[in-house]
Each structure stands twice: as structure tokens, then as C-alpha cells.
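What follows is chain A paired twice: with chain B in the first complex and chain C in the second.
Moving on, here comes the complex of A and B:
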């Protein structure tokens, strides 16, 4: 699941936040600290993941640090998917 | 009192950081009333210089209009200087309510509430009408005061790419489960001079049962056939749920702002909006001045018509000279220079030629999008515009940017 999830997140972030002439993202590109995603706009990513994977990420876990790269987002999502059982 | 060396040193380092990054802003002192021709002391201590102002929000040229000044004098004589009170204690005069009614009529809404500024209107409106069960969907380029107001409110906040209607529709679907949805945009975007697609936004809001708020600070008084604003230009007068706007630009340029819109939303602002409840009322002299402005622009479209002609002439002139402009058809005409230092250098060279126009750079605009934002006024005459065009052309030649593309300019001066 991890590889597929990685690409789903990468594609979503690219489509949602990048302008047409931006540098392409990697799995490690700093998203929030790198100024690509502002902390407001994180909301749609969180909602997208929650809807798609049937999970609920509480606000105190949905921190800018936890959302700062595709890889970090993937581990967060995996943790909640595993919890769901 | 413990302003230790450590504290002072930390702040001094921050200020130096701003200077070193070439992002330091310096005020220029104007010794005359606001107008097309002004007298400026710059740098501080330098002898006064007569220059043409190309960067005021004085779109209708009413900031120093004799009829407005006369009305303000009368307001001062008949209603006094200050009220020493917030609105709801003893700070509401008959003329405050009269102005609210005039604005309601002019904007085509149901009711209006005055605020000390539009910054305050935007700071107060969201918290007054929304809860954590709601969502705000805003354009990513809305004005800082809207961003701050949204931050003060417990509703969820999401954003859309600038003027991207497909993205807006996706977001309206994504947040369909929320109690209320409020879509937020500027009418005319202040840094780029482009206009929101309010007709399409209103249609989407209708389809998905969302409310629509527009900040028309850079539109009220001159956008649309009779100057009512972006909603008039887009043919959606009466469909706006909330309009916020300022009196600090086209409408006399002194200060003050308002929330105008659906009766219940305005009433909730009156009951709950914190800048309304906890900040002093607008001074009577200002209210009297804005009332005269409303009078002038309700009777005749002469000034906004002249502004429209001036702006088209200016845009055409700069295009023919070979500058890179932002597309648009408003009196805001940004000359793109991309590099922050270049924007400042061009501004200084223009000043030497007798033209006052300021460079804008990060954080006021995104990185690598530095520019000189020119703003046209009905107070400009042809001779002002021609002189300014000649100066821009001369400076453009000096920096070798005429007829050059964005890529050329970045290659030469950097991002």
C-alpha cells in the first residue's frame, strides 16, 4: 500500500498546491516549512485523506510538522489506517 | 521595564536582516494634500520636490475635492470633532445611520454597518457570523485583512487557486457536509488589478448552497457602469451576501469601512463584531465627508468614466513602450520587474524624473514577482499621464527592460 499511497499523496499535493510553472515535488520536499503549502491550505489535504481512507486525524496530530513532506504524511496515514484495523 | 541589551540586540538583528535582504521599507514625507501633483521630502531632510503621484488609491480624485472638504468643515462645525465613544454606547449620530442607509442603497444590499476601517470590518465579520461547524473557502490571493479575520474565527478554512472556478467547485463538493459554506474573494485584487469572476462564483454558490463575501475596497465607487462595484460589473447586484469595503481609497480616502449585506448578517455584526464593539466610532468630520462623496458619485458617473478612459490610455501607453504588465482592465496597472532590487532601483530612477511610484516586493507580493504598482486616478489629466509615460520609457531604456520578456528580465537581474 505504501507505494501507491505515496503517489496518491504526491499527485494530490501537486494538483492542489503547485502552480503550472513550479519545480516538481519529491517525496521529501518540505511542503509547509518550504512555503509550498500554507498551514490553512493543509485542511483540504487532511479532508481528502480522511475521506479516501475512512480515518479521522485529530487536530492535535494534524500538525504542520506531521504534514511537512509526502513521506511524513504517508506514515501518519498508515498509522491511522492500522489503528482502524 | 526590562528592555535588556539582549532583547534590544535581538530586535536590532531582525531589522538588520530585513535591510540586508533588500526588503526594508522607507516612508517618504508628503507636505501637500493628496492629489496628482504632490510635494515630497525624500530622503528625509532633502528639499521638497514636486512630483506626479502614480500610486495612490485616490481613484476618483476625491481625496482633496473642494466639495468634500467643505462638507467635512460643515460636519466639524455642526457635529463636533470627536465622539469619545464606541458606537453602541454614545457614539452613533444621525449622520452615521444616514451614511449606512446611503451605502445600502448604493451597494444594492439589505443593510450596512460602519467600522473604523475595512481592516476592522474584515477582522470582525467572520467570527460574528460563523462557527466551528462552518467552512470558509477563500481565494489564495485575498487581502491580508481577510486572512487575519478568517484566522480569528473558529470555522474551518480552505483555499482555492487564484480565480480557479473548477477548484472552487471541487471545494464546495468536498465540504458539502458543513453547516454553512462561505466563499471569500477580493472584488478587484489589489496587487494584480484583475477582477474576480463574481458571476461564476455566485452561480456556483447558488448551486451548492453557499454564501458569497466580496471585499470591494479597490472597486467601490468606480467599477461597474455606475461605480457600484465588482458585483455591478459582473451583473450580480442583489446576489451578494456580504460586501466589505473601505472609505480609505476611492470614497474620499480618509478612513473607515463597512460590512454591507443580508440584514441578519449585518445585525449579528452589530451585536457581536469585536472591532465594532470595542473600537471608537468614525469621527463626524469623516462621516460628513463620505456622505458628500456618496452624493457626488450617486448623481453622476463623470468621474468614474474619466478614470476608465485614463486607465485605458495609461495601460496602452505602457504596453506600447514595451513593459511587461499584468493583464486587466482596472486602474491598477502593475509593471512587472520580478527582482526586488530592480523594483526599488526603478522606483528611485522614476523619482529623479519627477514620478512617485513605489516598488512592491516580498512579503507584499510573492517572491520573484516584484513590481511597480501604478494606480490611475480621475485626478490625473492627460499631461500627467504623458509626462509619466515619458519618464517610464526613459527609465525603462536606462535599465534595458523595454520589449523584454519575463525570462529576459530575470536572466539579466535575477529572480
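Moving on, here comes the complex of A and C:
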């Protein structure tokens, strides 16, 4: 699941937050500290993850650090998907 | 001893000539902000002093001395002149917080052109409205932001040049584009500085209007007088400070106190071009030994959220003074700051239109947590009775924050919209659009906006602009946009939406509309919540009653509903 999840998040971030001719993203590209996704846009990214995976990420967990790369987002999502059972 | 000294004494003996004398300016002289921020400091023998420490999100660092920023701004100014850009023309800066933004700003001013900084997260619609209104001649940008300009270029015949500062030489340049590299350019030792005078236009910042499109707030070179003195007295900025202003120069704080004032004083300033994280920010203060830190309530509340423990991991002992701007700083944040940093954040109040701090808490004056403070010396501020448009005779009554419009950095007009400018005045007072009360000791206490404008993280968002953009989404029939309380950002945007026949409310549609607005306008304007409703409250004449929706969001009394249309 992790690989598929990684690609879904990577493709979504690329499609929604990057301009057409930007440098391609990697799983480790800093998203928040790298200025690709700001704190306001993080809300729509969080909403996408919640809709897609039927989870609810509490605001306390939706920190800039937890959203700072595709890999970190995937870890977060996996944790909540596992909780959901 | 603070720079301002005893507040009451300063008020009694105040004159703006204090700043004029310190800057060596006399009425009628040439006054050019670009020159004051660079050449003048070099002429004082401080050319080798560090003006700017910059660090990008990838960890790349750059350091510029005052002589470096003099040469770089000359070089950019000469390049613009070479392209045929003349004094009075508008040159937009559409960039992240990279050095070229700071240096380009000064270069534009040196040739007498008008700097028009725009927030780099703006979407193409927000960009179009502002470039079109200003009839901008040139845009300085980065390759990552150029596609947004290209999308709207056909509708912008006034734009003659799009200057790309980081062109890789590989991708072909498109219509009207030209590459410019500061690093590869031969530094220009001498540039004829345009002989701007006090009333020559300098900067055009756009701000949201209640009912109309954004308005271009036009400032002049004489604004330097206020910006210089308020930075010295309200921010207590000193020549030996290491200063960090966290604001983006796409907004007025980032130019008035992120470029003009600190460079005119000759301080070393630090810029971190990276997204927010508590760890990165504290690390930056520790690394650069920041002494004076000017930030915003949203950032301070985000730091509070990150907790007290993380603060202990860093050596922040260099800090000696902290200040805040953008929205009211809640008393909890002031108390927290005292606890973790050993000093309070001093709240300051001003607007794009005022150009500099007009009300504030000053070093040496008692800080009353949650208060806006008192008017800066030389500024006459009051609270007006909204009905009579006269100052309240008694203290403690909430009314309109109003100012006598007579300080150097006040706006001179709204670009191409003198009518809107004139509407800002009542009975000889400039009406800020904010409400407050004054206590018996003269402290102002913020009570909210007097209009529908949304203040989110210190940035003003017009509900009208968001509603107009929402109507362009194929599913949206009608919308009403209001603010909603938020623990970090003070307020966020909420949209009530009715759908066109054939569309059904869903989580996917909700997200689609959010992203639609984010890309069209900006992330700030994106509704953080969308509520799909069958109908919107309207007057009998069909006008949407935003105030009813606003009151519901804020748990306030709905008030008079006599004009409400019956279902």
C-alpha cells in the first residue's frame, strides 16, 4: 500500500501545487519548509487526504513538520488508516 | 534606555523634523529611498558592513554588504533603464523572498519608477486584477512564477517586459520575456539616481476593498521619514542590531520595515526564505544571533502551539526586543512571550494605507497585554462615534479608529481611484475601518473591523473578490463569504454556497471549489470551510445579508432582520 499511497500523494501535490515547468518532486522534497505548500494550502491537502482515505486528521497532528514531505505525509496517513482498522 | 525615551515627553516635543535632520533632509531636497538605503550608508563609511544575510529553503546562503546592495540595486536599475523603463512607470516584483526582490525594489526606486510588489502565492486572477489596474510596464519574476504571468499576458498590453531573474538558459524565453542574472551582470558602479522629490510616487501596494476590486495604495518617497523614525522608536531599532522581519515584501510590512526602514538606519537584517516551522525559526534566531525580531500574531500563536519545550533547545539569548503586527495580538501571546523569551511582544498597529506604525506599545511604556497601545508621537488618533463622526467625549466606548491624516508616510491616493480615497474620510478624519475603544489612560483596545473585510493571518481578504471568483466555478449559483474565528489565524474565510441545478454537494466538490479559489486568487483567499446551503439570506431587494451569516459564525446577536426576505 505504501508505494501506491506515495505515488497518489506525489501526483496530487504535483498536480495541485506545482506550476507546469517546476522541478519534479521527490518523496523527500521539503513541501512546507521548501515553500511549495504554505500553511493555508495545507488545509486543502489535508482535506484531500481525509476524503481519499476516509480518515480525520486532528489539527494537532496536521503540523508543518508532519506535512513536510511526501514520505512524512504517507507515514501520517498510514497511522490514521491503521487506527481506523 | 530605549530610543524613544519617555513617551509623554516625546509626544510633547515632537516634530517630524527630528527624522529629517537625522537623515540630512531639508524640504525641497531630492529624496530617493533607494539612495538613502544604500549609497548614503556607504558614504558614511559603512560600505563593508553586512546589510543582508539571506538563506533559502535549500540551505543556500548569501551575504551582501551595504556596498554590495548599492552595486546590485544600481545594476538592476541600469538594466531596467536599458529596457526603456522610465520614471513613474510601474514595475512589479513577483517573487519569493529571494535577494533579487529586496535589491530589485531598491533598483526600481533609484530610477524613479514605482515598485509594485505582489505576493508570489497570488493566483492568475489576483495577479491580473492588480497588474491591469496599475497598467504595469514590467514584471520581475522567477521562472517558477512566470507561467502565471504568461497565462494572463494577452490581456495585459501595457506589460512590455517580463524579466526572469533565474533563467536557466535552456528553456526558450517566451513573448516579452528577457533573462537577467544579477550574478552574471557586470556591477554598475555609478547610476544616476532619479531626482525624486518628497511627493514623487514610490510604492504601490494593493489592498482589499469591501465592495470593489483591490485598491492600489500609492505611497511617496517622503514616507521614508515616518518609516525611519517609527522603526527607531517603536521597534527600537539600532544600528548595531541584527534584525529579522518575518514579513514578505509582497505586503506592506515587508517593504516598510523589511526593506526601507532597516536599510535606511543601516542595520544588518536577516531573511529566511523558507516556510514556517518552529524549529527552523528558532534555529535561525540562534544562528544569526538576532537581536530585534518583528513578527506577526499568527506566527506567534503557531510558535505557542509548538510548545515551550522546543524553545529550550535553542540559545535565544541574543534577543533584546520583540514586536508584532498584522492583527491584534491576544493577551495570552504577550504573556507567553514574557514567559518563554523573558520579554513581551510589543504590539504595533498600522495599515497599508498608513505606510508606517501609527499606534503601538513602546519600549519603556507599560505594556497592557491585548492593547494596541497609544498613538505614535506626532499622530493624532481617536475613536469616533459612528453616527456623529465626532470623537467620543467619554472613554471606554467602542467606535471607529480615526486619524488626522498628516504624517509623512500616509498614502497619497488609491491608484486610479480618487473617489474611493475620498470615501476614507469623515468630518476631517481618516477612517481606518477598524473599531476600538480608548481606556482612561489613552490605550487603544481593538474591537474588530467595521466592514466585511476578513483579516486572516494579518492579511486582508475581500469577501467580494472571493464571491466573484466563486461565481466563475461551474457548480456555484450564489455565494456569501464571511470570516470564521480561528485560533491561529484570528479569522479564516468561510463560504456559503448554493449550487446550480444538476450539481450535488459532496466532499469532492467541496475540495474542488477550495482548490479553484486557491489557484485563482491565493491560498489566503481559499475558503477553509464551505457550507452548501439551499438558499442564502437576502433582503427583499435581493441583496445577500452577509451580516446574518457572520453573526452565526461568531455566535453574535443577529440583529435587525426586518428587511430579511421571507422564504
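Throughout what follows, the second predicted complex is superposed on the first by the 85 of 85 C-alpha atoms of A that agree within 3 Å, B and C clash if a C-alpha of one lies under 4 Å from a C-alpha of the other, contacts with A are read in each partner's own complex, and residues count from 1 in each chain.
Going forward, contacts are C-beta pairs under 8 Å (C-beta built on N, C-alpha and C of every residue); 3 or more make two chains touch, one makes a residue touch a chain.
These figures come from a predicted structure and were not determined experimentally.
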{"item": "Touching partner for A:11 - first (chain B), second (chain C), both, neither", "value": "neither"}
{"item": "Per-residue contact with chain A, leading partner among chain C and chain B", "value": "C"}
{"item": "First, second, both or neither for A:75, with chain B first and chain C second", "value": "neither"}
{"item": "Chain B versus chain C as contact partner of A:32, first or second or both or neither", "value": "second"}
{"item": "Touching partner for A:47 - first (chain B), second (chain C), both, neither", "value": "both"}
{"item": "Common interface residues of chain A - those touching chain B in one complex and chain C in the other", "value": "19, 38, 40-41, 43-44, 47-48, 51"}
{"item": "Touch list for chain B against partner chain A, complex", "value": "140, 147, 150, 156-159, 161, 171, 174-175"}
{"item": "Parts of chain A lying in touch with chain B, wherever the complex brings them together", "value": "19, 38, 40-41, 43-44, 47-48, 51"}
{"item": "Residues of chain C touching chain A in the complex", "value": "57-58, 96, 121, 143-145, 147-148, 171, 273-277, 279-280, 302, 306, 456-457, 507-508, 510-511, 514-515, 518, 523-524, 526, 528"}
{"item": "Footprint of chain C on chain A - complex, ascending", "value": "16, 19-22, 30-35, 37-41, 43-44, 47-48, 51, 63-65, 68"}
